[in-house]
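Some structures are shown below for you to check.
Here come two complexes built around chain A, the first alongside chain B, the second alongside chain C.
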Partner chain A sequence: MLKNLNSKHIQRFSYKYLPQFPISPNSPKLGFSRSQIANYRSNFPTTIMSSSKTIVLRSSDGETFEVDEAVAVESQTIKHMIEDGCADTSIPLPNVTSKILSKVIEYCKKHVETPNADEKVAEEDLKSFDADFVKVDQSTLFDLILAANYLNIKSLLDLTCQTVADMIKGKTPEEIRKTFNIKNDFTPEEEEEVRRENAWAFE
Partner chain B sequence: MTESDNAPGFSDLPEGCVTDILSITSPRDACRAASISKAFHSAADSDAVWDRFLPLDYPQVITRAVPPVVFESKKQLYHRLSESYIILDRGYLGLKLDRESGRKCYMLGARNLSIAWGGDTRYWEWGHSPESRFAEVGILRCVWWLDIQGRIASAMLSPKTTYVVYLVFRVTRDSWGLSAPGKTIVTFGGVRNETSNVYLQQPRTRGRPRTQAHTQTPRSDGWMEIKLGEFYYDNGDEGEIEMGFQEHHEYKGGLIVEGIEVRPK
Partner chain C sequence: MSSIGENVDDLLNRLPEEIVSHILSLMPTKYAVRTSVLSKKWRYVWMSVTNLDFAYPGGRPFNQFTFTKLVDWDDNNFTRFVDRVLKFCKTSHVKLFRLHISRYQVPKSRLSNWINNAIKLNVCEVDICASTRLPSSLFTCKTLAKLRLNQSVRESLSSIYLPCLKSLDIVGFPNSKLIHGCPMLESLSSKVSRCDLKKDYIFNIPTLKRLELTFASTINFVNHKVVLRVPNLEFLSVVGVLSSSIVVEDVSSLVGASIACHEPTVNQRWVELLKIIRRVQHLSIQYVSFFFERPTNSILLK
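On to the complex of A and B.
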């Protein structure tokens, strides 16, 4: 709609009208009453001048997600792609499945929506969201780490890494192997040697 | 490492992520993790992990060490620093790391303290002791007014830590008068904490024994210590901490002072 206007129109009208509402060249007269403006604005809360641009993300299994740009740029990777002009149609994310991508988007949305956690209530709300967010099965947790790493979302990477670190703390190597299904590829002699090097940690 | 075919696990993480995870555990956990598997061994021994466990200002601090500290990896440096004190500056400040947390510990040598009458050879002698980590220790011949004080700048300490202060000393076989009750003082941030009835030596009890907290306890390095007090340090430059022990009621002698130690609780 705005494409039909040239700069002449905009300059002529701007002094009279509030800059936030769209100007239609097809309107019968160029002035709107206060009540008309209020009515218009209440029906169109997101106006053209507030940049609520959306980005389309495509997961590895072909599903598309439309997200606000503000949410998408929580990922530094996506932010750079947009800045480099690679985001015209959609952004393909071949390393992230739809299941994980939808979780990542949920995380980013929550963190963008919460105002700069200055207020105690907002901060605690976010903390409890984060705590619930990582209550997932192990394979989802690792998928989230990989996604956060690939998409370069520092706060999500910190959160997921901290969760895994908490699962390691205080455990013996045998317990850790069991928890994460890790194969011990040391020979008994090699393992003994490593334990001796780090003897104090096993006291 | 093998997990079930489709589920991702540690083997799918880039080494950068594994070191990130290990660096937020603890030195003890990182050392244990080295024995999990070869991949963990490589990550757990990496400089990236141990760099996080060392104090932020360690490069500047270790250049002050005499003799210089030699190390091939950050893990090796961490172990060197947490094993025993390195001596800094003019030889009367020792620095160590608490092995579990990587927090800094300091020992102020006797020459670095303010000892009343310390310069008067009628009362105090200065000499070398083979068990000491410093060149000289203070040896009390005899004195009435025992007053030992030390100061340390808070900016030297590890942030967000509760520190405990100890007087490190020994008593000779022919010591006397050291069983009198003394007073300990720790002053920080305008708050002065005094504790009375602190004994350098267990008095020959006529009644019930004194509580352990207020008398000497043996240390692993062969010296004894008594607690002078504790304080919490948050961040930045919060001024100096003053620490001291006083006893003015008995004539005494036979005390050997190694220094004052400040270590995390």
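On to the complex of A and C.
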């Protein structure tokens, strides 16, 4: 256990978990020594060990990303892989490039960090994060949808799909064609027929 | 990345069909069907939507101050549209069927026909705003999980059996037939009107976790009580003008509450209610001044 510890772990440990433990004269201060951590771990094995675990994700282009397990399991796909014991070394994600994976990780981190938004401030902060998150070019947006679908992250899939829906909803066909670069291959007669079939939709 | 003039990076090429149908289901059906004219490939894509969302003439939902205009429901583009969508939609499991018809009165037979079609498609959620009487088949729909109506559930229904219903939003208090017919009801939202308060009313729903009561401002103060016999209630919301007092028998499971007072003064009934619910974890209080009609005080306590 001690062999796997490095300074990265110690920093995370102090930042994240200190506020949760009751403050007493004997409680650890910032900047733990390795022996202190080993001592702590032996006293509170379950709370610390499971919380500080990280998962390594490997994108399709070979880049690796180390993330907290709590962040990684926002993805139901990854969660099931961990539960099935397939996450010993790293989890390969052949369908996700590093560019998209880093964005997805950013999204999951933000949503894990923000506590269950009962407070208005946290809720508004998250909303504006989400709004900025989807301000990307169309191709990246589609990639995010595909990644959210493959990784089974419901909130990200809902967010990205709603963004695309808002690009379609209420727009004229010409505007939609322009947005998505769709070529109108109807003849005028065919187009007239389609408009007649669904007349009320075009009112 | 996308080349101009080609359809290479077209939505339909990039995303699988389930996702495209999910996206088209996130908007009123009118706009989803509009995509049929984008290009040949797009012509029938809308048929895979899982949500059927219709609003006529479009916009604000119906309220009780309606007037009947003359519309020929047999020869009407909207009627043809709804019929066509119901006929051609490919899904066998409709997630949402929403029909908001304001300012006009659709004939009972036509509305029943549409609702029965949705029931045949195993609809999960139904949201109807219409001034027409609803068919009894709606109240024996085995797949219905969420129901929202802008009218009350009439006493004259012969049988009510909604085994999957978890969420109900209606006008008026639910009668005993309705409560017995919804064995899994978890969330109830009730717009209280004057005739509901003609006598004491007891909410006796053991499965209920969430209750929202909205009292209309047109009701005068009555001496009757509203008793909440809901032992598993986790969230309570009371909005409007508290015309009768509310008695809560068992608050032990209550986690959150939301109060919005729309009266000029916070009178005794509100104070008594607050006394009952004060130990909850999350409490939201809003006081809307009668004269200025905007929230003047909003506190979120933990």
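By our rule, the second predicted complex is superposed on the first by the 144 of 203 C-alpha atoms of A that agree within 3 Å, B and C clash if a C-alpha of one lies under 4 Å from a C-alpha of the other, contacts with A are read in each partner's own complex, and residues count from 1 in each chain.
Following the convention adopted for this analysis, contacts are C-beta pairs under 8 Å (C-beta built on N, C-alpha and C of every residue); 3 or more make two chains touch, one makes a residue touch a chain.
Bear in mind the structure is a predicted one, so any value in this text is a computation, not a measurement.
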Look at where chain B and chain C land on chain A after superposing the complexes, then choose clash or fit.
clash
Partner chain(s) touched by A:D132 [first = chain B, second = chain C, both, neither]
neither
Would you sort A:A165 into first (chain B), second (chain C), both or neither based on which partner it touches?
both
Quick check on the superposed pair: does A:E189 touch chain B, chain C, both, or neither? Answer first, second, both or neither.
neither
Should A:F202 be classified as contacting the first partner (chain B), the second (chain C), both, or neither?
both
Using the superposition on chain A described above, determine whether A:L146 touches chain B (first), chain C (second), both, or neither.
both
Contacts for A:I176 in the overlay, against chain B (first) and chain C (second): which applies, first, second, both or neither?
both
Quick check for you: in the superposed arrangement, does A:K120 touch first (chain B), second (chain C), both or neither?
second
State whether A:D84 touches chain B only (first), chain C only (second), both chains, or neither.
neither
Among 26-34, 116-124, 170-178 or 206-214, indicate the stretch of chain B whose C-alpha atoms run into chain C.
26-34
Chain B and chain C footprints on chain A meet at residues 138-139, 142, 145-146, 149, 161-162, 164-165, 168-171, 173, 176-177, 180-186, 191, 194-195, 197-198, 200-202
Enumerate the contact residues on chain B facing chain A in the complex.
1-4, 6-14, 16-17, 20-22, 24-29, 31-38, 40-41, 99
Residues of chain C defined as touching chain A within the complex
1-2, 4-7, 9-11, 14-16, 19, 22-24, 26-28, 30-40, 42-43, 77-78, 80-81, 84, 282, 300, 302
For the chain A and chain B complex, residues of the former touching the latter:
138-139, 142-143, 145-146, 149, 157, 161-162, 164-165, 168-173, 176-177, 180-186, 191, 194-195, 197-198, 200-202
If you look only at chain A, which of its residues touch chain C in the complex?
118-120, 137-139, 142, 145-146, 149, 161-162, 164-165, 168-171, 173, 176-177, 180-186, 190-191, 194-195, 197-203
